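Two complexes are shown next, each including subunit A; its partner changes from subunit B in the first to subunit C in the second.
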Partner chain A sequence: MRGDPGNFEVLTPTSLPEALRLMSEAALDQDSPLLKPLAGGTDLMVLMEMGALQCERFLSLHAIDELRSFRPEEDSVAIGAAMTFSRIRTEAILREEFPLLCEAAGQVGALAIQNRGTLGGNIANASPAADSAPALLAYDAELEIVSQSGTRRIPYSAFHTGYKEMQLRPDELIRSILLPRKWKGCHQSFRKVGARAAQAISKVSFAGVLRISDGLIQEARIAMGSVAPTPLRCVHTERALQGKKLDFSAIGRAKEALFKEISPVDDIRSNREYRLRVSLNLIEDFLLSARK
Partner chain B sequence: MSAPKKISLHCTVNGEPRELNAYPMARLLDVLREDLRLTGTKEGCGEGECGACAVILNGELVNSCLVPAIQVQGAEILTIEGAANHPIAAQVQEAFLRHGGVQCGICSPGVILAAANLLSHDKAPSEADIRESLAGNLCRCTGYSKIVDSVAYAASDLKGTRS
Partner chain C sequence: MTILRKEGREKARGAAFYVDDIAFSNLLHGTTVRSSIARGCISGISYLPGVPWDEFTIVTSKDIPGKNCIAHILHDQPCLADGLINHPEEPVVLLAHPDRHVLEKARRLVQIETKELPAVFTIEDSLARKQVIWGADNLFKSLLIEKGNVDSVWAGADRIIEGEYSTGAQEQLYLEPNGMVAKADNLSGVTVWGSMQCPFYVHHALVTALGLQADKVRVIQTETGGGFGGKEDYPSVIATHAALLSLKAGKPVKMIYDRAEDLAATTKRHPSRTRHKTAVSKSGKLLGMEVDFAIDGGAYATISSVVLSRGAIHAAGPYLCPNVRIRGHAVATNSPPNGAFRGFGAPQSIFALERHMDTIAAELGIPPEELRRRNFLHQGDQTATGQVLREKPDMEGLLEKALNAAGYHEKRKAFAEANANPETRVKKGIGFSAFMHGAGFTGSGEKMLASVAAVQATAAGRIEVLASSTEIGQGANTVFAQIVSHALGIPSDWVDVVRPDTSIVPNSGPTVASRTTMIVGKLVENAALGLREVLRQSGRLGLSHTPSDFQQALSTYVREVGPLRSDSTYKQPSHIEWDDMNYRGDAYGTFAWAVYVAEVSVDTVTYETKVDHFVAAQEVGKVIHPMLAAGQIEGGVTQGIGFAIYEEVVNRSGRMANNRLTNYIIPTSMDTPRIQVIFAENPYAHGPQGAKGIGELPLDGAAPAILNAVSFATGAPIHQIPMTPEHLLRALHGAKPEGQQL
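== the complex of A and B ==
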């Protein structure tokens, strides 16, 4: 049954402190329904139309300028949680230093979705297929999370705790996504495998970063989407590569580690067998391309 | 909890200031079609996959089925009804007529606005640019060739009129 837009209340704070006050009041008041943050609507409006929304009240973030800011600092860049994928993929510093995130942003839906969808929304929607997630994991992203009681930082790799579960209290908002500026010059690659290039939700996605010097892998980051209940940083695969020469035995050990650490399932978009095989092909491709 | 109320909404649609009352979570698509009777904007999938409902909101292409009314307060919106008065969109429409870019027509409003949006930012797009810009607009009739050709012709027509 179609959802009725008349069932939903929307609050529209114009500043972050006002937003956090409203979130805190809603979280404390037992009788009041929780407030769900609403950014570009590209996920929530679909659920509303399907009549599948679990909440009654939204906090629209569109009038809070601070959440759309991009702040490059010396050691890291801070991407405002409500920055759209269109802006991310065209931001010069991100294109130069974080190409995997820009490539992922360019493969979210198509242009009309990229103009509305936000990085924070992609994270808080908490899908294991989220397009931005592998790149964020591979770049050691941290989340800056705010509430009326203060600010905390959490590594993105610790944020998702289970299928659609995350470390975010009802009174908290993601303010920004922080990326350390240490990946320039690394070998890196992003791949999204879906039914077609545009609009498809991924069957499998992959991000890899290797820092190679003196013929040895000094640092490895491997992350994947749609192969586990959450976006997955593949730490065992990374360990199999760390400090090694990038030869065929290292590639073999990395594939073995990846095989053991991912747990893809059958669903409407793909099946376990296909996802396993493609995942192994993706890591092999990536490592072989780094040898060239 | 108080029952949700309609909000008073002010926006500019196809150059005309409009005022209406709508629920904050009403889809822009329904506001355009039901409240403003601008039925040129079509509903296809209703979930942001097909692009039939695409409009230009504050200079950016969006799927109007995914935009809540509350977020268009004060906005400028261009729909297919405004295309004839828009220098670039009008050229795109002309090119679609001349080069067979329209068959059944359901996707055309969204496709034409997506193409106009492209040509507003890029005066000389490659075929790959055209295909990427239209990747979010599904057409089940044309096989896309005539659409892509029409957009390429529109780009060269626009270049001609400018030089």
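== the complex of A and C ==
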């Protein structure tokens, strides 16, 4: 291990107010390093092993029950930010109404990682390859963000502002992820394209939701991962489909819109050529399957 | 017979003792500071402030008491760079400190100032001598194998078919990274413990670099978590480094590579490029084969010349062809040296040949299995090196068994129909490969090694096996115990295999080349029979005996006469003749023969290939331990799947850019199909109980079978591996401008 465990300090508050107080104190104290929230650790521990972990002080969220709660309400469900992928994968309401999120949860790393990794951690790690992101974008997720100064809600689609940049102040925590319960009965599909069947980071990921009635697309949600600096809700592609009959010309226009909307790059996991081509194939495959 | 693994209980309980488990109270940790450029001169070394440098032991090339080299076949690889840098992971400075975290901080504070020189990174650039970076011509070795006169056939041939094929580097990825502990002082010499395949290679390297007498160097193998060739030559580097630090510090030093360092710095399978030009008759008879085989050895010679030999000798496959010319070149590039990896050159040249055979079949309009059938080698035929096959290979029988088990003919028909439907998004394919693998060292290697193994009696009436062959997960201990048990008619539980320690065991050679069971196992068998003979001659054992008679005789002998040990030295079977200069004659004592069949799905949305089912049929003489043997095949096929479609070493200016398990992709159990293993037996007279070598064989055939299946499924012209989805996209659609993708 290249990181030195002796360099790290971990605070373990047992309640949310205590956690927020510690976050606030650290944010206000100019001399103290910022507190980095630590949930499952499945991203941070990899950096620590590499000796590439920049922060030194951590706030463990383990002992805060409130962050692990699952609260279904009439119009929406609220998923506690520290809820693990294993629980998300098996939660009956989520399986029935938000299958894309459950599928994504079941494709995170492998079982051991799903047992540790949390939805909030996946969001706050802010990787464009985050497995849960396309499903959250496609389902119009909102984030409930708390600090000592109060609570605010923000659409998830506005949360990521650039590569590894997000709308989250150093004194704030993500409390829960809210999903509106309006997608039952829609045609929907998720696909993670990784380098192998498990223990993979996505090279391209895709989530699509279509509400079709009277032969027309009433509502479309298309979201992708690993094709832009942030997880991307593909609004131009959605617009190309909205209100249209799902015929070959609509499919062609959607592909054109997607082609202009994404900006994949070459990196260690794949290349622009592949990501572009597969993105176009994925939307075509999704739309063709909706015609059947 | 399947018995429990000798060391299985300790491994399962977590009680097995690995090198990192070694603890001394005054132990220091050692680390390596490496170059960052691929080629250049060192102009200075600075130790930047930030750690208490006076607490460190620091070793540079000036501290080497013997010769500054890692001794293998040649002495070209420095132990520590002395002025010149030839690859980006070249060791320059060694550091030791009691606290490994302070050590890591210090490693980052050593600055090596360099003047960069132009470097070479590809086989073609090296062959073209864009820069001369090694010797006079960048060539570690060139060789020529000739049979008949290939130039005489081109004019009269019905068809001449050419092709060029390439394979990538591959990491062995043993579970336990490389590591060593050394304890050295000027009086008593040096003792090294570590994870390794070849204790006497390490011994030789230490004697050379430290300038010590052979009896002042002791090498002890600790439990080893896999090797696959990756612990054949590299352990000599770490052992020498740890010993140099220990010598200077006067304390024991432990050097354990983490995965990132192990992936970046240690040896890989040689990347290769093979050109084929083949003359065939209309009926599919091979008339002439011209093969140009080149491998990338990296910055230093290590064992590239021998890898080249095996690769080139296997390049003509299990086929009879009257006229063959095979040229081989092992070239230098400014990457870390490549080395041994299961198969040792053969998987590279066999991939090329077996893809080429499918190409020939397609061009002639002959089914691929029929083309093979018309050209298989038989008893009495001559291989490319002119070796007359004394044994009776049955490639037709293996082919039939394998194809039937896989449902090849039915599936080929059904898949072709389904694939023709444009609605089919997932295309299916089935393909196969036919191949052989020579067991034991190439050519006169075994004769020159003249290995020795021994057995000895204990006072308690047990038998101990003494050999330098290492248990590296393959089951050597278990199989040696079985061989002795079978030879002496005693339970295998009464047999112990002594941990390899160069001060105790005889030199039975390295644990490589599929030779441990066949060559060393035979020595163990002979030694055991020799021991039985002594007991019989002494009158203590009759011509037939029960196990307890034997034990009785053994303990009586030890009590009344004294120690009882029997040694056996390798004597080359009289039929083997090899001409090293001209590459003519018996390249191997024998071959294992095989036909592998792969069934695949290719997703045309994502270009992902999945291997759905695999059949591996082979003749390996005699199977001694069915479960271990099947495990060898399954493991080798799995590594072959990685070689074929997953594992890609991303080489950026000579450096491995993806040196992490998150981005160097090996197949997981989710990516591995059911592997059906079929053994045919045909006992080999010079192997214990008739056994031949098995370890490397399965890696040879997996990749071509898989890519032949992918080619059948997609029609893509496939000439290279790893065939990742990114490469398959290119193979299918070419390099189109982006706008045309819509």
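Going forward, the second predicted complex is superposed on the first by the 291 of 292 C-alpha atoms of A that agree within 3 Å, B and C clash if a C-alpha of one lies under 4 Å from a C-alpha of the other, contacts with A are read in each partner's own complex, and residues count from 1 in each chain.
We take it that a contact is a pair of C-beta atoms (placed from the backbone, for glycine too) under 8 Å apart; a residue touches a chain by one contact, two chains touch by 3 or more.
Bear in mind that the values here come from a model prediction, so they are computed numbers and not experimental data.
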According to the stated criteria, A:F259 is in contact with first (subunit B), second (subunit C), both, or neither; which is it? second
Thinking of the overlay built on chain A, is A:D285 touched by subunit B (first), by subunit C (second), by both, or by neither? second
Looking at the overlay, does A:I113 come into contact with subunit B only (first), subunit C only (second), both, or neither? first
Does the superposition put A:S270 against subunit B (first), subunit C (second), both, or neither? second
Is A:T42 contacted by the first partner subunit B, the second partner subunit C, both or neither? first
Touch check for A:A197: first (subunit B), second (subunit C), both, or neither? both
Have a look at where A:A92 lands relative to subunit B and subunit C in the superposition and call it first, second, both or neither. neither
Quick one: classify A:G6 as touching subunit B (first), subunit C (second), both or neither. both
Intersection of subunit A interface sets (partners subunit B, subunit C): 5-7, 46, 49-50, 110, 197-199
For subunit A, which residues count as touching subunit C in their complex? 1-2, 4-7, 46, 49-51, 110, 191, 193, 195-201, 203-204, 252, 255-256, 259, 268-271, 273-274, 276-278, 280-282, 285
If we count contacts the way the header does, which residues on subunit A are in touch with subunit B in the complex? 5-10, 12, 32-33, 38, 40-42, 45-46, 48-50, 56-58, 60, 62, 86, 109-113, 115-116, 197-199
So, in the complex, the side of subunit B touching subunit A is made of residues 1-2, 4, 23-27, 30, 46-49, 51, 54, 60-63, 65-71, 114, 117, 132-133, 135-137
Given the complex with subunit A, which residues does subunit C contribute to the contact? 101, 104-105, 258, 260, 425, 604-608, 610, 646, 650, 657-658, 660, 662-663, 665, 667-668, 670-671, 724-726, 729-730, 733, 735, 738, 741-742
